[in-house]
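In the two complexes below, chain A is the common chain; its partner is chain B in one and chain C in the other.
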Partner chain A sequence: MTGGSLAPSAATRVALPGISRLGRIRRLRRPSILRGFVWLYLVWSLAPVALAILFSFNSGSSVTEWQGFSLRWYVGDPYYSVLHDPALHQAVIQTVRLAVLTTVVAVPIGVLFAIGVHRWRSRQASAWTFVMLLAFVMPELIFGVGIFLLLTNLLTFIRLGTTAQFLALVAWNISWPAIIVRARLQSIGAHYEEAARDLGASATGAIRRVLLPLLFPAIFASVVLVFAGVIDDFVIVDLLSSNAQSEPMSVIIYTLGAHGGSAAAPALNALATVMLVMSIVTVAAGWAVYRRLTRGERRRDEGLSLGPLTGA
Partner chain B sequence: MAGGTVTLNDLTKRFGSQCAVDGICAEITGGEFFSLLGPSGCGKTTTLRMLAGFEEPTSGAIVLDGADVTHLPPNKRRVNTVFQHYALFPFLDVRANVAFGLRYQHCSKKEVSQRVGEALDLVELGPYHGRRPAQLSGGQQQRVALARALVLRPSVLLLDEPLGALDARMRRTLQVELKALQERVGITFIYVTHDQSEALTMSDRIAVMNRGRIVQVGRPRAVYDEPADAYVADFLGVSNLMDAVVRTPGSAARPCAVMAGDFELEARGGVVDATGLVRLAIRPERVTLHGYRESVANAIPGLVERTVFLGSATQVMVHLAAGVTIQALVANGSEAASWPAGTPVQACLPPAALRVLPCDPAANPVEQAAAVPAGAVRPAP
Partner chain C sequence: MMPAAPTTEAGLTQAGPGTRQPRWLWPLLAVPGAVWLAVLFLLPFYVALAVAGGTVNPLFLNAVPIWNPVHWQSGYVRQVFADLFGANAFLGPTVARTLLYVAVASVLCLLIGYPVAYFLARQAGRRKGLYLVAVIAPFWVSYMMRMLAWQNLLQGNGLVNHALIVAHLITQPVNWLSGMPVTVIFGLVYGYVPYVIVVLYAGLDRIDGSLLEAARDLGLGRTRTFLHVTLPLSRQVVYAGALITALPMAGDFYTNTMLSGVPSTTMVGNVISNSLSTPGQGGEGAVLVLFLLIVMLAPMIWYVRSTSRAGIGDVL
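Right after this comes the complex of A and B.
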């Protein structure tokens, strides 16, 4: 017993200076005031959201007084629930429709753009890349107003509404796949395609059988980002909407929430919750699938992994 | 697997103003293990890429089994490549990687599975068919790359430093295996490497390249023992090089008499009928060391400068009276291996091992960089 108790105490004595030094560093690095500030910030920014979600499950129509749990504002109420109020119901459909349409069109165009610019390698190609990057720095409002003026003054044959929203969202979102896929193309390099050509594949065969599978994680990441981006989009869809039929969730929540209207406040909370859950589920599912797809690459770092979603 | 004859006809490749491959000609016979050997940037990889079809030659022609393939795309040539970094498809397992090219040969399902099985057995990877490339070691990946190319039964297999990424031990094992494999399948192998021991071990013939040109082609023994010039002598293994002046040019029957500093030597190798300034080359293992008092022919006296134990032999650096240092390789147990620094010795340079090489400093960038003064002997690195 004595031997057993002696050994650790000797070890402690030896290690003491190191521990105390480490401890001081730790205290310096994470002062409690900073921790408190972080918590304050989280509460400040998340509490309203949490309250909105909570009161969307309220059985009464108050948004301040809890009257018991119910799904009334989602499905139960025959007039005001998200399911039964035509405006809210329509908003969910419009959001999903725009998100699916935009993703299906913008991602393939963006991928082809990335492949094209990657092979092209000329001054023109870098000019186009610059235009692509512009979409990231340009304020969305400027872009939206520009498209609005274009459609109302010059291209008047395109009516405001779903078509206009769709066209603008595609243009705004192409840069996501273009930039993500371009980055992955650069890390892939030319040798996989050369190997495919060497083994007998034609130029297009090599793209289909080797390049696209290698690009799949990047394409998938783009799908998630574009889809979630369209669900969250407000500025473009609001500017280009024509009537209640073309107003997606974000616009309904804004107009009815800020200016009041026919819908009940808890039903708007329910709609907001639906929107939030859709975004979170899309991104979470995307993150999980991306991790799965690139598992082998991350384990044996082959210089292929690109982490727009892994955050690594 | 008949055929596999490759003819390179004045093949040239320029990138902008830079000439990567400068008009090379070669005849490679079917079933031959042919190595392109040279330092990085000598044009060997560019030559291989032109053979594979990844680069279009600026001029010249590539003829494969009598057909001009110079401008055919890679997928239209019966030529396959084993890449330096393998380029195995990471999203496919070993079996699917090997079967990749068979789709373009329109094989039945049964034939695909049979040929893939045979190819994997050939490289002894049968049990690994379900693994992903990331789950294999470097040596195993290299074998998969080999199987993936061989399963297509190409006329010519191109190998771009396929052992470069492996450790020394694995490399030695695979060298022997690769040569045995090549003899078994009987396909022409064109092997690019900067490693002279690799080229010497495996090749039927070696083409030594420098600055986009082939400097010498020959069997390993010939290239090693009878280097055409100082560059080849220096690149293939360690050579002692020294400047000398011809006193009496020789002939086929008579050795050439040269003066290295104040010492007269006889040389039977190389360009024995040369005149004027020449270079002498001798391999360290051909230099013999003798006691100072012994009477030895064709020797130069000197002092032991340093002795280095190399493992399998001992390297003795001798500073010759001609004012220069040469290396000699002696057996570990021999008397010479135990001489301390400062011991006076005689370094014998046997006439049969001493080669007279044309003195062309422009052809040898290594020599220019070293700027060795005239009359100096320089041990090659």
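Right after this comes the complex of A and C.
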């Protein structure tokens, strides 16, 4: 779409090398202020976290003075290390438990929801889509307090703790797969499924054998986003936790780290680092697999020029 | 490519699969998600109304919701109004403070985020992918860890004070973590600026490059091209960026607790989250959450509608 108007100016540049060189000099000099600003921003944004990671390996209990490398705050210290402190230890387990449970339930529900409202084509379908999007942009505090009031006043048979956290996290995370899969459905269109139906597949067979494989990259992306999102989630799990047993890593960091630090600060840095490694491994592995999944498709598209497939 | 897609797609889907597949199948697929959202997203608002319109058990101090709207009482609402505007209104200053913090922090987020997003969209060149990864990295670092990191740095004997003393900007260590509004606003900016950058980047990247080429070909300089073409075209996305930070910031309570924790910097989010654990105040918490919801509903709906018009994927 840019080709028409871009071509003349590109041609001018090729024809007049003097101007092109001038242009390049200007392009190198002028944005350098901007580039410097971006670098400053990146340092400001990332260095504090890098320092926190560094000091989680400090052998002393200071978070400002380097006293030598050790794994004391991870495994060594008999009281305050992530391995030996029961609260920190339990927090890791709770985070993994919530992330797995939520992903396993929220992604299938969200994917089915997306397929359902996409094909349903009625006023109710668009109303539910709107509700889903509203849940997506609702501030987490309002969302969490609402569920807290629901569970403490109406559905009192569900006690605060892991069950409540799980139910709320699923509701909070349905939107991810729903939005991603819906976008993908819109770009796939209906002809593949129609072809399958013409060749004799049943309605559910066409979904299972044709549509789901096409949706797989989108589903996989949602798995990664939901899993990593739950690891980092704080507000909902904090409002709905009942006791130390149901406090995941983010909540422990908050309760022990609030009001300007505590004696266990290096161990909290270590716990936060464990959390960070979990997110990064999830996202990096997810990204690598996603690239593999979509690689063949990208090449195929070029060959057959199926533009709409990659649209959106 | 984008303008052409909708027409062909509409043509295809009109004769689409809905006609030949059992009609009950699609609603059935959506049922689990719809039920989940109905019970855990829509129903809570009614419960909040019932609690806000309810009374309190004088013995145990727990909220007693009233389910029938006809019998709703105005006790909690009147109490919250008294706390907001009355004689010893402790909530009024909190609300004003929250608005101030959110406004200042949002403006700072935009001032920092716009240049970064502009650079990513227009001038990052071949290293764009690497820059993007670096900018998105904070998304995968827990918010709590990012606040904890600043807690380390801002301590009395922390690196920030060291650096400032070495630079002769201060002589005594500053007590950054005991109720300084500057620290809280700083924390909010640090926490939310990555979100602004991603939203702004998505919008700036979509601006048609040929428009900028045309402006340059017609003799506008770099600065005037930016002022007369890029900036007006990005107005919508600047609003979206401001909104995507201001909404969660207004309900933020953890930044304040991690970096200050002193009543003098209390925000509305703190009052709400504290009310849940304080006996006898559940009703007031419910009223405050409903107030917050009413204030935020219009911008939220605007955001959902403007982004779904631009393409559903951009809500992200």
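One rule holds for everything that comes next: the second predicted complex is superposed on the first by the 264 of 312 C-alpha atoms of A that agree within 3 Å, B and C clash if a C-alpha of one lies under 4 Å from a C-alpha of the other, contacts with A are read in each partner's own complex, and residues count from 1 in each chain.
Keep this in mind: a residue touches a chain if its C-beta (ideal position, glycine included) is under 8 Å from a C-beta of that chain, and two chains touch if they have at least 3 such contacts.
Predicted, not measured: the structure shown is a model, and the values here were computed from it.
Peer 1: Superpose on chain A as described above, then tell me if chain B and chain C fit or clash.
Peer 2: Fit - chain B and chain C, as placed by superposing on chain A, sit side by side.
Peer 1: Identify the partner contact of A:Ile93: answer first if only chain B is touched, second if only chain C is, both if each is, neither if none is.
Peer 2: Neither partner.
Peer 1: Touch check for A:His191: first (chain B), second (chain C), both, or neither?
Peer 2: A:His191: touches chain B and chain C.
Peer 1: After superposition on the shared chain, which partner residues are touched by A:Ala125: those of chain B (first), chain C (second), both, or neither?
Peer 2: Touch status of A:Ala125: second partner only.
Peer 1: Could you tell me if A:Leu214 is touching chain B, chain C, both of them or neither one (first, second, both, neither)?
Peer 2: In the superposed model, A:Leu214 contacts chain B only, not chain C.
Peer 1: Between chain B (first) and chain C (second), which, if any, makes contact with A:Val43: first, second, both or neither?
Peer 2: Neither chain B nor chain C is touched by A:Val43.
Peer 1: Per the overlay, which chain contacts more chain A residues, chain B or chain C?
Peer 2: Between chain B and chain C, the winner on chain A residue contacts is C.
Peer 1: Tell me the contact category for A:Leu199 with respect to chain B and chain C: first, second, both or neither.
Peer 2: first
Peer 1: Between chain B and chain C, once the two complexes are placed on the common chain, what is the minimum CA to CA distance in Å?
Peer 2: Superposed model gives a least chain B-chain C C-alpha distance of 6 Å.
Peer 1: Please report the chain A residues shared by its interface with chain B and its interface with chain C.
Peer 2: 191, 194, 197, 203
Peer 1: Mind pulling up the chain B residues that touch chain A in the complex?
Peer 2: 52-54, 73-75, 79-81, 83, 85, 87-91, 100-101, 103-105, 132, 134-135, 148-149, 152
Peer 1: Within the complex, which stretch of chain A touches chain B?
Peer 2: 191-192, 194-203, 205, 209-210, 213-214, 216, 296-297, 299-300, 302, 304
Peer 1: In the complex formed with chain A, which residues of chain C make contact?
Peer 2: 1-3, 5, 8-9, 12-13, 16-18, 20-22, 25-34, 36-38, 40-45, 47-48, 50-51, 63, 65, 112, 115-116, 118-120, 123, 131, 134-135, 137-138, 140-153, 155, 157-159, 162, 177-178, 190, 193-194, 208-210, 213-214, 216-217, 222, 247-248, 250-254, 257-258, 261, 269, 272-273, 276, 282, 285-286, 289, 292-293, 296, 300-301, 303-304, 308, 311-313, 315-316
Peer 1: For the complex, which residues does chain A have touching chain C?
Peer 2: Checking each residue of chain A against chain C gives 1-2, 4-6, 8-9, 26-27, 30-31, 34-35, 37-38, 41-42, 44-46, 48-49, 51-52, 55, 63-64, 109-110, 112-113, 115-121, 124-125, 128, 130-143, 145-150, 152-154, 167-168, 170-171, 174, 178-180, 182-183, 186, 189-191, 193-194, 197, 203-204, 206, 228, 231-232, 234-235, 238-239, 249-250, 253-254, 257-261, 265, 268-269, 272-273, 275-276, 279-280, 283, 307-308, 311-312.
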